Every structure is written in C-alpha cells, then in structure tokens.
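Paired with subunit B in one complex and with subunit C in the other, subunit A is shared by the two complexes that follow.
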Partner chain A sequence: MAGDYETSTEYIQHHLQNLTFGKLPEGYERYDGEVLESATWTIAHGATEAADMGFMAIHVDTMFWSIFLGGLFLWIFKKVADNVTTGVPAGTQNFVEMIVDFIDDNVKSIFHHKNPWIAPLGLTVFVWIFLQNLMDLVPVDWIPWAASMIGIPYMKVVPSTDVNATAGMALGVFILILYYSIKQKGVGGFAAELAFQPLPKWALPFNLFLELVGLIAKPVSLALRLFGNMYAGEMVFIIISLLPFYLQWTLSVPWALFHILIITLQAFIFMILTVVYLAMAYDHH
Partner chain B sequence: MEASIITLAGALIMGLGAVGAAVGVGILGSKFLEGAARQPELIPLLRTQFFIMMGLVDAVPMIGVGIGFYILFAL
Partner chain C sequence: MNINLTLFAQLISFAIFVWICRKHVWPPIIGAMEARQKEIADGLNAAERAQNDLQLAQNSAADKLREAKAEAAGIIEAANKRASQIVDEAKDQARVEGDRIKEAAQAEIDQEYNRAREDLRAKVATLAVTGAEKILQSSVDQGAHQQMLDKLAAEL
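Presenting the complex of A and B:
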C-alpha cells in the first residue's frame, strides 16, 4: 500500500516497473551491493538493472497476463461454441453471440473482399485487447500486493500498459498488411502503389517517401495510441491511490466508470483500424 | 527553479492538449447531432463513426494527461 514507501515517487515508480527477466553481465554491481562473479540470468530490481539487461530481457508479467487472458478468451468462447443451442440463447451464449454479431456487422461494413480470416482476426483483437485493458479496473494494489506475499518484487498486471505488448500486436497487424498487399497485388503492384502515387512517375522519390512514411505510421500509431491511453489511465489510478484510503473512492469510482468507456473504445478502435488497414491492403488503386 | 519549470511543463501539456481535443470533440458532436437531425435513419451508422473519431481525437489529451502526471509526480 501507499504508506509502505518512503516517497510517493518511489511508490509510483514501483508500480510502473515490469517484472523483467534478463541477463546481467559479469562484474555487475546489483541493487544491494553484491557484485556478480559470472553473467547471470535473473529478475531485475529497479529500472536501472532492467535497462542494463539490454535487448534480450523479457517482461515476465506482461507475457504471463497477456497469454493467460488470451487463454481465458479461447476457453470461454470454445466452451460456448461446444454447448451451443439453436433455441433462444441464454446467459453466456447470448453474450458471446452479441459480440460475434457486433464484430461481424462492423467487418462486413468495412471489408468488402472475400477473406474468411478477417472477422475472426477482428474478434480476437477486440476481445483480447478488451480483456487486457479490463485488468486496469482491478484495484492497483491488489495483485502486486498478493504477488509480493509470494516473493515476486514487481507485478504490472495490465499488459497493454507495456509498450512491448502493444507494439507486438501492432507488428503482427503490420506483417499481415504487408502479406495481403503482396498477395493481392504482387511485389510489383505493391511497389508501384508505393512509388507511382499520388504524384505522377517523375516525382518517384517524393512519392516513395510519402507512402513509406504513411505505411510505417500505421503500426506505430496503433501501438502508441493503445499504450498511451492505457498508460495514462493506469497513471491516474496510481495517483488516486496515493490519497488516504477513505477518500480514494470519491475519485477512483468516477474515473473507473469513465474508464469502462475508454477501454472498450480503445479495443474497438484497434479492431476497426486493423480491419480498415487490411481492407486498404486489398484495394487496388 | 527546475521543479517549477517541470510543473509548468506538465500544466501546459495537460491544458493545451485538452483545449485542442475539446474544440475537436465539440465540432464533431455538433456535426453528429446535425447529421442525426437531418437523417434520423442514419443514426446507428453515424454513431459508430462518431465513436471511432472520438476515440481517435480523445487519445491525444489522454496521453497528454498520462505524460503530464508522470513528469509531475514520478520524475
């Protein structure tokens, strides 16, 4: 809880630190003054150690929660699909049918080509990101406190507040954009689309520059929009939890109610933009 | 001196971000109501598009608030 820390800065930074697993080099001085005799794979304590682990470090909490939530999504939807009835749907089946219909309607209104994978992709993206964002509504101290009881020093429970998770998903979408562009138009067609518009052929370098920036901006904006929103939301929750506990509900309840709108909206926008980008990859100019 | 400049920077980030998005969402909302009044049968379609645009516009000040809080409290 907030009272256990020296300063509020320390409390906030502790909450913004991922559980990082990585390799520290030989002769590295740890947080407690211990000097490593050989290169070791270990859990980082503090932001400096996590930064010194370099590129090969992995955020264990982000991986665990995102895969866990993905598994939860698959399990619930599989269970409903196995027990599906043709009569009037009730309970969970009703809910799942509503989501599937909602995604199906949106994809049909945007994506006019024949591809059986786009709607399932949209469903996965929407529900998975929604579940990841939903972890934001769990009070910020509960899970890190429970984790500290079993000896885990850091725990950031919202995978989408980690830029690595959102950038990973955006990269997946980017690869699909490239794949479908090349599949539909061929390498030559795709290159021509990049090079010969919007201006005529004599302005090739200018066209190429403009279109490449536009292409790269798609995954970057996807990743940073989701990350930025969720990070800001988490930040506000952490700031609110610095208040005395009897005052917290006056701010955290309205913010949580508002946040329900944001998390759904961001999951929805990520899904819609994924489908729009893939539809653009299919369209010929 | 430095702390007060950081505070000012946080205030500017949050304030200016909010101004821009407020104007944007205001125009968006007025146009949405106008469209809905002219063609009530298009409301479901317009509402979806309205929420997409609102999410896109809304992202910028929210990110501003996040960065602002970070530099105010955690830096």
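Presenting the complex of A and C:
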C-alpha cells in the first residue's frame, strides 16, 4: 500500500489527515494553484489547507464514524431494551446485561449520591469510546482505500485519534462537573472551595491558582490521555504497514493483541474518571 | 491536530447519545435486571421458608409419633393391670365360694351328726329297756323307771 505514495512520510501524513470540510478565505491559493475569488466552504486537500481553515472547519470522517458508532451502540442496546425479559436472558441481552451490570457496579461503588444520569452517562462513555477505539483494529488501509475508490481523498476511521472527539467528550464531562458542583454547593460554596483551600484564607491567590489548575486538568487529562493513547496506537499500526506486506503480520498481530487491552482499558479509564470527577463534584471538601 | 468546530459537534452528539441512553436504554434494562434479581431473591426466600415448614412438620410428626407410642404403652400397661386384677378378683371369688361350700358342707355334716345323735339318744332308752328286760327276764315298767331312763339318755 505504501507503494502508492512517493515517500513514507507522505503515506503517514496522508493517514493522519482528517477529511476536513471548512471555510477557506478570499484570495486563498489552493493546492493546485487556484486562487479563490470569495470565501468558500470546501474539502481541504492536505494538512496546510486544513490548518488554514482554522476553527471554521469540521472533520467529516470523525463525525461520521463517531455518530455511526454511537448510533450502533444505541441501536443494539435499544433493541435489547425493547425486548427485555425478566426471565432467562438469551443472546444479545446476556451481553448487554453484562456490560450494564459492570457499569452499574462501578458507578455504585464510586458514586454514592442519588443521580439517575450518572450510570447511563458511564455506559454511554464506556461503550462509545470502546467502539471508537475498536476501529483501530480494522487494518489501517482498508477503509481509506475503499473511500478513495469512491472519491473521498482522506478518511481517518478512528474518531478517538482526533483530539476534537476526545476533547468534545471531556468538555461535556467538564460542563457536568461545573453544573453539579454549583448545584450541590451553590456558587459561593464552589467558589469558596476553589479559593479557601488547601491553605488558609490569606493565601487566596495561591489557592485559587492551585485549585483552578486542578479543575482544568480534569477535562484536559481526560481528553489528552485517550487521544494520546489512541493516536500513538494508530501511529504504530501505520508504521507497521510500511513494512513489506508479507512481514507486516509479525508486528501487527502482536500489537493488535496488545491493543485490545489498551482500547478496553482507555474506555474504562475514561468512564471511571468521569464518574470519579462527578462524585468529587458532589462531595464537599 | 487542529481544534475546530468538530469539538462542539462532538460535544452535542455526546450529549444527545447520553440523553437517549438515559431516557430509552438504561431504565428498561436495569429495571428488568432488578426485577429478575428480586424474583430470584423471592424464590430463594420461598424455598427457605418451605424448608423451615418441612422441618417443623417433620418435628411435629415425630412428636405425634412419640406421643402415640407413649399412649399405646400406657394402654397396654393398663390392660395388663386390669387383666391381673380380674384374675385376682376371680381367685378371691373362687376362694370365697369354696369357703362357702365348705362351710355349707360342714353345717350339713354337723346337722346330720346332731340328727344321728338325737336318733341314737331317742333309741338308747328303748335299747336300754330291751337290754334290761333281757337281763331281768321280766318286763320293766317303763313308766316307773322313766325318770332313770331319761337320766341315762341325757348322759349319752
């Protein structure tokens, strides 16, 4: 596969390029030398164009695969929920109940308050991230190659290797942290928690700095931990695929096996930390 | 890694997925699981209760059996006592009856004896007169000697 590209660097860059749909400014000179007469929404060709689109751009592949996988998750679970039986469970229900029970146990052991949103949130986070990560085990060239056959130039199939996807979820969790902190302790209580500890009141600026860093670190670490792990894993798969095809299995098989552990573990960590952070938002310190 | 609109698009889809999961997926599944858990717990409780009932029934049956045995033993004992009592009574009766018969016989004997003695006594005078007549070769005037004869008979 790597033979289709002039250099390995080009191959790697191509694989790390999202399918970006965004707005290029007026007078922008495109990859083929064309100069835009007015600001245009279009598909970016190459990393430079994607970067020049700035904030007004969207990763179509990330959105497509994450929504597709989220829909798959909800479709499977909804089908089970509609035909759920209290008798002897069979087939998919067994599997779904195993996951639900696993999430429920974890949430119950960490989160001791009454909130009917936490467990479903944990379930969504766990399964959605797991499915996103699972796309990493599809051989790196299959889907991009199939996409190029129907004229799609870029296709990054693992949404969790896109920092926007992981940061989007982390941002959601962060909003919930703020919401529940204020709901439980009041604006004053939450502010006091940020300002008046760990040191006494005279060290307010220091306390505020420390606590704010700690607060911001929660979503940032959530987003970057998942992104970093998956991005690195994807990168290793891409590099392995630079080997001659008859040698690739010697590395890709062990790495895929090891990666099964990573994708599950990362989904689990994201879920557990989400629940832990929300439990912390509830607790008074 | 460009940060762009994808971030917010992801945030929105995340929120929608969580909301759908909360409203339509989680409650029925966890509800069914909890219902099943309750069913199983109830079943186990019922089994335990049945086990207890069985134990109680077994105990009461054993008690009843023991009581019945004790009662039967009592009845047999009473019957034995009654039987020996009857035998004793019969013995006593027989002894009394025997005594009575013996007494009657004795009385009859006495009676016969007395009668015989009276007879003898009555005949003694005649015999004595006859004897004396033989000796004296003459008749004896019974009237003259009546006093002496009566005295003789009284001495017998």
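Just so we're on the same page, the second predicted complex is superposed on the first by the 285 of 285 C-alpha atoms of A that agree within 3 Å, B and C clash if a C-alpha of one lies under 4 Å from a C-alpha of the other, contacts with A are read in each partner's own complex, and residues count from 1 in each chain.
We take it that a residue touches a chain if its C-beta (ideal position, glycine included) is under 8 Å from a C-beta of that chain, and two chains touch if they have at least 3 such contacts.
All of these numbers come straight from a predicted model, not from anything done at the bench.
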| item | value |
| --- | --- |
| Subunit B versus subunit C as contact partner of A:Thr9, first or second or both or neither | first |
| Subunit B versus subunit C as contact partner of A:Leu265, first or second or both or neither | first |
| Partner chain(s) touched by A:Asn106 [first = subunit B, second = subunit C, both, neither] | first |
| Which superposed partner A:Arg30 touches (first subunit B, second subunit C, both, neither) | neither |
| Subunit B versus subunit C as contact partner of A:His45, first or second or both or neither | neither |
| Subunit B versus subunit C, judged by how many residues of subunit A each one touches | C |
| List of subunit A residues in touch with subunit C within their complex | 18, 20, 22, 50-51, 53-59, 62-63, 66-67, 70, 73-74, 77-78, 80-82, 84-87, 89, 96-97, 100-101, 104, 116-117, 119-121, 123-124, 128, 159, 162-165, 167-169, 171-172, 227 |
| Residue numbers on subunit A that touch subunit B, as the complex places them | 8-9, 12-13, 16, 106, 224-225, 228-229, 231-233, 235-236, 239, 242, 262, 265-266, 268-269, 272 |
| Touching residues (chain side subunit C, partner subunit A) in the complex | 1-11, 13-15, 17-18, 20-22, 24-33, 35-36, 39 |
| List of subunit B residues in touch with subunit A within their complex | 48, 51-52, 54-56, 58-59, 62-67, 69-70, 73-75 |
